[in-house]
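In this document, chain identifiers A, B, C and D correspond to the written order of the chains, with residue numbering beginning at 1 in each.
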Amino acid sequence: MMNVTIEQVESGVPVTIIKLVGQLDASSYLDVIETGKKLHREGTRDLLIDMSEMTFMASSGLVALHNIALLMRGEQPQDPEAGWAAMHAINRDVQNSSSFEAHCKLLNPTPAVRKTLDVTGFANLFEIYDGRDEAIASFG
Amino acid sequence: MMNVTIEQVESGVPVTIIKLVGQLDASSYLDVIETGKKLHREGTRDLLIDMSEMTFMASSGLVALHNIALLMRGEQPQDPEAGWAAMHAINRDVQNSSSFEAHCKLLNPTPAVRKTLDVTGFANLFEIYDGRDEAIASFG
Amino acid sequence: MSAITIYFPPVCLDDLAEIRRLIESAVVCLWEPGEVVTELVIAINEAVTNVLVHGYQGQPGHMVVKVSRDNAALRVCLQDQAWPFNPTAVPTPDITLPLAQRQPGGMGVHLMRQFTHRLQYRALPEGGNELVLVRQIEG
Amino acid sequence: MSAITIYFPPVCLDDLAEIRRLIESAVVCLWEPGEVVTELVIAINEAVTNVLVHGYQGQPGHMVVKVSRDNAALRVCLQDQAWPFNPTAVPTPDITLPLAQRQPGGMGVHLMRQFTHRLQYRALPEGGNELVLVRQIEG
């Protein structure tokens, strides 16, 4: 069972914070992807995923992260301006040797989730922050 | 697993508060009785049992209550004055039509423990308090 | 889910808290946590305790627990390999007696009865006992 | 306690959280909560998920889980009645690829390997699969 709360903040760019509360597994990850899609449709381009109260994450949770990260850097056909920004973002990502996702970042995973991110290489793809303010400031 | 913390307060008479933390069942009730005996040996004559963090109580817990309550109203051969007080207490108990234990009272049981006390008649034998101050003041 | 069966290895009183927690986890697979589960677990704990204390007399012994649900009730079936004993034949204690006139103990079967709607006992043909605790959840 | 066996009724993905919790409760009867248990439960969850998703393909199916402990290791044996599939033959994914070049998924067996010390597979003679996850706890 996964509960999701959503918050909008400003930090140069608008940043959406999505807090996942509960257990992210194969029975709940599609809901999380749906939430990501909905946020994207509604204009979210920079997303911070608060994992502090996610008590469990399975490999299907990684699929959700993967999916949402691609969404956040992808094309937005419904809005040419955003589309351009997205293309720009993709360029930035390609140029960026660190290869961290610029538009989807993670906040405060529990030790077990952190280890799951480590052993699957996801910790090399996503910036992981301990502090919320620092995480927000890193966008834009 | 049962953890026990002990505290001494004054309220006309000295009152010992024993807080039972955890699960009181057939594997732990003898330890609680031992604690009661030890307190009695060390002079405790009025006892408040704090049940607020007792997450489980089996019928063996009632045996512990029974045993400790008898101890608290019993004779204390090692001290004539206390012995007299104890005799007096027994007289009070016999005269008291409510038949509540005067020297052993209960604080803040959870709803399930409360119901266990109810359906076994123990709620008619022990005064049960919600407030700690009120419970302490009721002694002496 | 409708039914879960748990086979325990030889267990004794030291294992009681873990047995209780595992059975509670199984019950919670079938019905949401709350008063029904809490009270049913108290009843189950009394049944398990009696098997361990009186049935196996402190020696480690096997136990099988099957929890199941139909629309109207949760059923917990407890099987042991101890000497036959029918707890449903235990007389109801007098709960109005003052403390000094009570024997300590003797409340276990009473709690089972209070916190369930039905107790069903049978001696197993292959030896041992089966006690089913039924707790209604609807209607 | 040394070994606990749980028989599940036909289960599907909706039951996953409860299956996980019940198995965790059983593991915790054998070993104290902490990193070992947390990681082992992640591995078990991946194995169970694969049985439900790929093995039974969303149809309800039976499962038997036996958790046991010897001095040196926790063993979790998972039996199903699905088509034979040997997860130990799944190749190791490349975890150094950038996100855009990765296929989503394919991390389940990898997590099982990372969070256990050994995986043992056999096709059951009567049909179905047995996967044993071994996690060392000492030495």
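Everything that follows uses one rule, which is that a residue touches a chain if its C-beta (ideal position, glycine included) is under 8 Å from a C-beta of that chain, and two chains touch if they have at least 3 such contacts.
Only a predicted model underlies this, so the values are computations on that prediction, with no experimental measurement involved.
The chains other than chain C, linked only through touching, come apart as A, D | B.
Placing every chain at the mean of its C-alpha atoms, the farthest one from chain A is found to be B. Between chain A and chain D, the centres computed from C-alpha atoms are 28 Å apart. The distance from the centre of chain A to the centre of chain B, with each centre set as the mean of the Cα atoms, comes to 55 Å.
One finds 48 Å separating the Cα centroids of chain B and chain D.
If you sketch which chains touch which, the chains link end to end in a single open path, with no loop closing it. Contacting chain pairs in the structure are A-D, B-C, C-D. The part of chain A that touches chain D in the complex is made up of residues 1, 23, 25-27, 56, 58-60, 62-63, 66-67, 69-70, 99, 101, 111-112, 115-116, 119-121, 124-125. Residues of chain D touching chain A in their complex: 13-14, 16-17, 20, 35, 38-39, 42, 45-46, 49, 52-53, 95-100, 102, 104-105, 107-108, 110-111, 114-115. Taken together, the chain D residues at the contact with chain C in this complex read 1-9, 11, 15, 18-19, 21-22, 25-26, 28-29.
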